[in-house]
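First chain written, first letter: the chains are A, B, C and D, and each begins at residue 1.
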Amino acid sequence: MSRRPQSEKALSAADAVDKISNGDVMMVGGFGQAGTPLFLLETLAETRTRDLTVISNNLGEQGVGLGRLLLNRQISRAIGSFFTNNPDAVKASNDGEISVELLPQGTLAEAIRAGGAGIPAFYTPTGADTELSRDKEVRAFEGRNYVLERALRADVALIKAGRADELGNLTYDKSARNFNPAMAMAASLVIVEVSEIVPVGHLSPEEIVTPHIFVDHLVESPNADN
Amino acid sequence: MLTIEESRNRILRRAYAELETGSVVNLGVGLPTALANLIDEDRSIHIHSENGILGVGPSPRSAEDSDPALINAGKQPVTLTPGGSFFDSATSFAMIRGGHIDVAVIGALQIDESGILANWLVPGENVLGVGGAMDLVTGAKRVLVVTTHCTKSGAPKIVKECTYPITATRPVDTIITERALFRRTGDGLQLAELGDGFSLESIYDSTDAEFEVSENIPVFA
Amino acid sequence: MLTIEESRNRILRRAYAELETGSVVNLGVGLPTALANLIDEDRSIHIHSENGILGVGPSPRSAEDSDPALINAGKQPVTLTPGGSFFDSATSFAMIRGGHIDVAVIGALQIDESGILANWLVPGENVLGVGGAMDLVTGAKRVLVVTTHCTKSGAPKIVKECTYPITATRPVDTIITERALFRRTGDGLQLAELGDGFSLESIYDSTDAEFEVSENIPVFA
Amino acid sequence: MSRRPQSEKALSAADAVDKISNGDVMMVGGFGQAGTPLFLLETLAETRTRDLTVISNNLGEQGVGLGRLLLNRQISRAIGSFFTNNPDAVKASNDGEISVELLPQGTLAEAIRAGGAGIPAFYTPTGADTELSRDKEVRAFEGRNYVLERALRADVALIKAGRADELGNLTYDKSARNFNPAMAMAASLVIVEVSEIVPVGHLSPEEIVTPHIFVDHLVESPNADN
């Protein structure tokens, strides 16, 4: 007889997003819709939570995911790498409704990793002597210029994993991994949308990508294959 | 005149021939991603996608075969080749920035005569993103630009100096258009091949950059 | 007088009682690693080992059960608890430095009266290593020192000022010896508990550091 | 019928260590003996290769692994975190036969990762205002002091993995993973001692820890369970 897995970290989506406060800095995992916690974002869009600073590679698509929060005017600031694919984001930026900070995608990923790894700042060759980093400190090492980039951290991260065990250990599904593991380490509160919660021991110690110590809450997605 | 489709296919075929067997290649969003469908398995070219895939295979045969968790950097569904693997974004860009990608194939808005690329922002247009382009041009061992020779309005893309914001201070190595192939030699560009149907004169007319011309000029079709 | 074994066991028992259920605990090399054998499964304390393990279990029952690929930071064979996982050293120290470890239990050479620890180098001795101690003391949310009260030659380890090189500028939170438990309060140390059989007077005699004394002083055995 | 896996990267241990030159900077994976490429090191000890700068957490044990290279006087410089457990290393350092640079273990790991990730330098709180970093640059961010640490790279890395597929994708065995994945990314030439080479497709895309692009040569260990 198999029992239904029960996790102390399991929460309804509504209870989970209730932990997000006005003005929070919020990381959101995903690249396009792969690995994006759409169920959590749709639930957050039903709340009155506002003035969020979002750190995410994209700002969703029109009316979907972060795109819906944007239309709801729940977002006041966004840090990411590629928002062009959401015309609403471009318009909101042009109209001054949101302030935007663009980072090269690799710098975004590394800054999030640094935030979780206790590294306050690092040097990267990417963007050196380009317009994108014109206000940033530049330093030469062995004759090559590098940009000083600061780590990113957040009050809360909404991420999407594949399977979780009851302790909160996570695996990911193919390219839906993307920004999720690094964000799980870089936020004070980590809420994870998962396809399935399995008993402890069902995930091999070698296949766990995000150990449970990074995970605060698990929310099962209603879409089995999402 | 070539149709847009014919131009694209010619550029992709020529770019494909530039890739060495066994090499690790990142395909930029847009025209470059279509290269994945040309790869002959026997050549074991390993396609890297910056969203966390090594071993990108061709597009799935049908919509039912496509998996929303398996997409390329252009957010299109792809497949995985045998021996492929997945990793997170921080690791993926560690590969790129750390010099582990042999070739980045990437699009262009402008390339100047010293090989400097601008490909992320047209001032005044509604662009709000840079993506992975800066990391790729900075970090790949070799940068191969694939682009139409001129803009839609007919303006040269290969210019004396970029008027758009540059992508990196590191110059590109090879430029392939439907009309010509340029290689960077020292500080400048050298026209190394001509697209079938285009004269050297027509390249001078449609190119603002100064360039040298190699002694032999093969033709590609 | 307690034997060395009795002292060690007392220190470990008292340290174990300091750990909160559900917490993530790193055990330093030496005395602290023995704590792993005390953990009651029901308390679900998660032991982290900096060489890349979360979920260190007790020592294997026999030599045949030991796996050369499964060792702790002291290079002793260990087991893995259900739900445990493995990761590389860079990730492991990202956990430590990034503040994801609740408690570091660590040994000491000296602790000064502001809680600063020295535990990696005795000048003049043949030591050629620092290991993970600096990262642990710098990064863990709480640092719990377990140590005999005095050196083998009877000199106090809790001193006015460290004469050995310090491990970090971040002071430790709790010190447990066989004779006393000190907590850091503000800038100084407070004697909070006495080991059974030791008088307050004897602690003054064997401690160079100034310290406050709490109003109630429970005794631990 | 199963065929014997054949990898273009497979090499004998002797041919592999023949690629190491006098004066090379050489990373060596492992923590204690777990994840240490002992077969490669024993083979290297049979050569006359000398004047090596070794980057490794430990310097082996007395007469074993790097400890044997040390007794052979093949090592002139060592960068690592804990050499105390090999008395020969302490003696060689005291006698001036080798020069030693000690780093906190987390700084060592992060510096190797940075070397592979194109990050030339980073800041860490570890070691700030201690004797170990007294000659290093210190900088305050938000009122806290951090040490500037430079990335580490090597000419060659000798690492130990569990299974490899024919392409060179790697998995690791339990805590034998340790420094190996980061070193695989931080050296110009990467030689891997493996327990077994399996056909392509036998490793799941999710369980591969080190993708094949980091691996130059595979050497099968004669000890099946080593």
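Assume a residue touches a chain if its C-beta (ideal position, glycine included) is under 8 Å from a C-beta of that chain, and two chains touch if they have at least 3 such contacts.
Because the structure is a prediction, the values reported are computed rather than measured.
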Starting from the defined contact criterion, work out which chains touch chain A and chain C both, please.
D
Farthest chain from chain C by C-alpha centroid distance is chain B
Roughly how many whole angstrom separate the Cα centroids of chain A and chain B?
29
Rounded to the nearest Å, the gap between Cα centres of chain B and chain D is 35
Roughly how far is chain A from chain D, going centre to centre by Cα mean, in whole Å?
33
Quick one: which residues in chain A touch 2 or more of the other chains?
110, 113, 117-119, 124-125, 172, 174, 205-206
Shared-interface residues of chain C (touching two or more other chains) are 80, 86-87, 93-94, 96-97, 139
Chains touch one another in the pairs A-B, A-C, A-D, B-D, C-D
Under the stated contact criterion, what part of chain A meets chain B in this complex?
31-35, 57, 80-85, 87, 89-91, 93-94, 100, 102-110, 112-113, 124-132, 145, 172-182, 209, 226
Please output the residues of chain A touching chain C within their complex, sorted ascending.
113, 115-119, 165-167, 169, 185, 200-201, 205-206, 208, 211-214
Spell out the part of chain C that touches chain A in their complex, as residue ranges.
24, 46, 48, 54-55, 80, 82-87, 93-100, 139
Parts of chain B lying in touch with chain A, wherever the complex brings them together
49-53, 67-71, 73, 75, 80, 86-90, 92-94, 96-97, 121, 126-135, 138-139, 165-169
Residues of chain A touching chain D in their complex?
110, 114, 117-125, 141-142, 144, 146, 150, 171-172, 174, 205-207
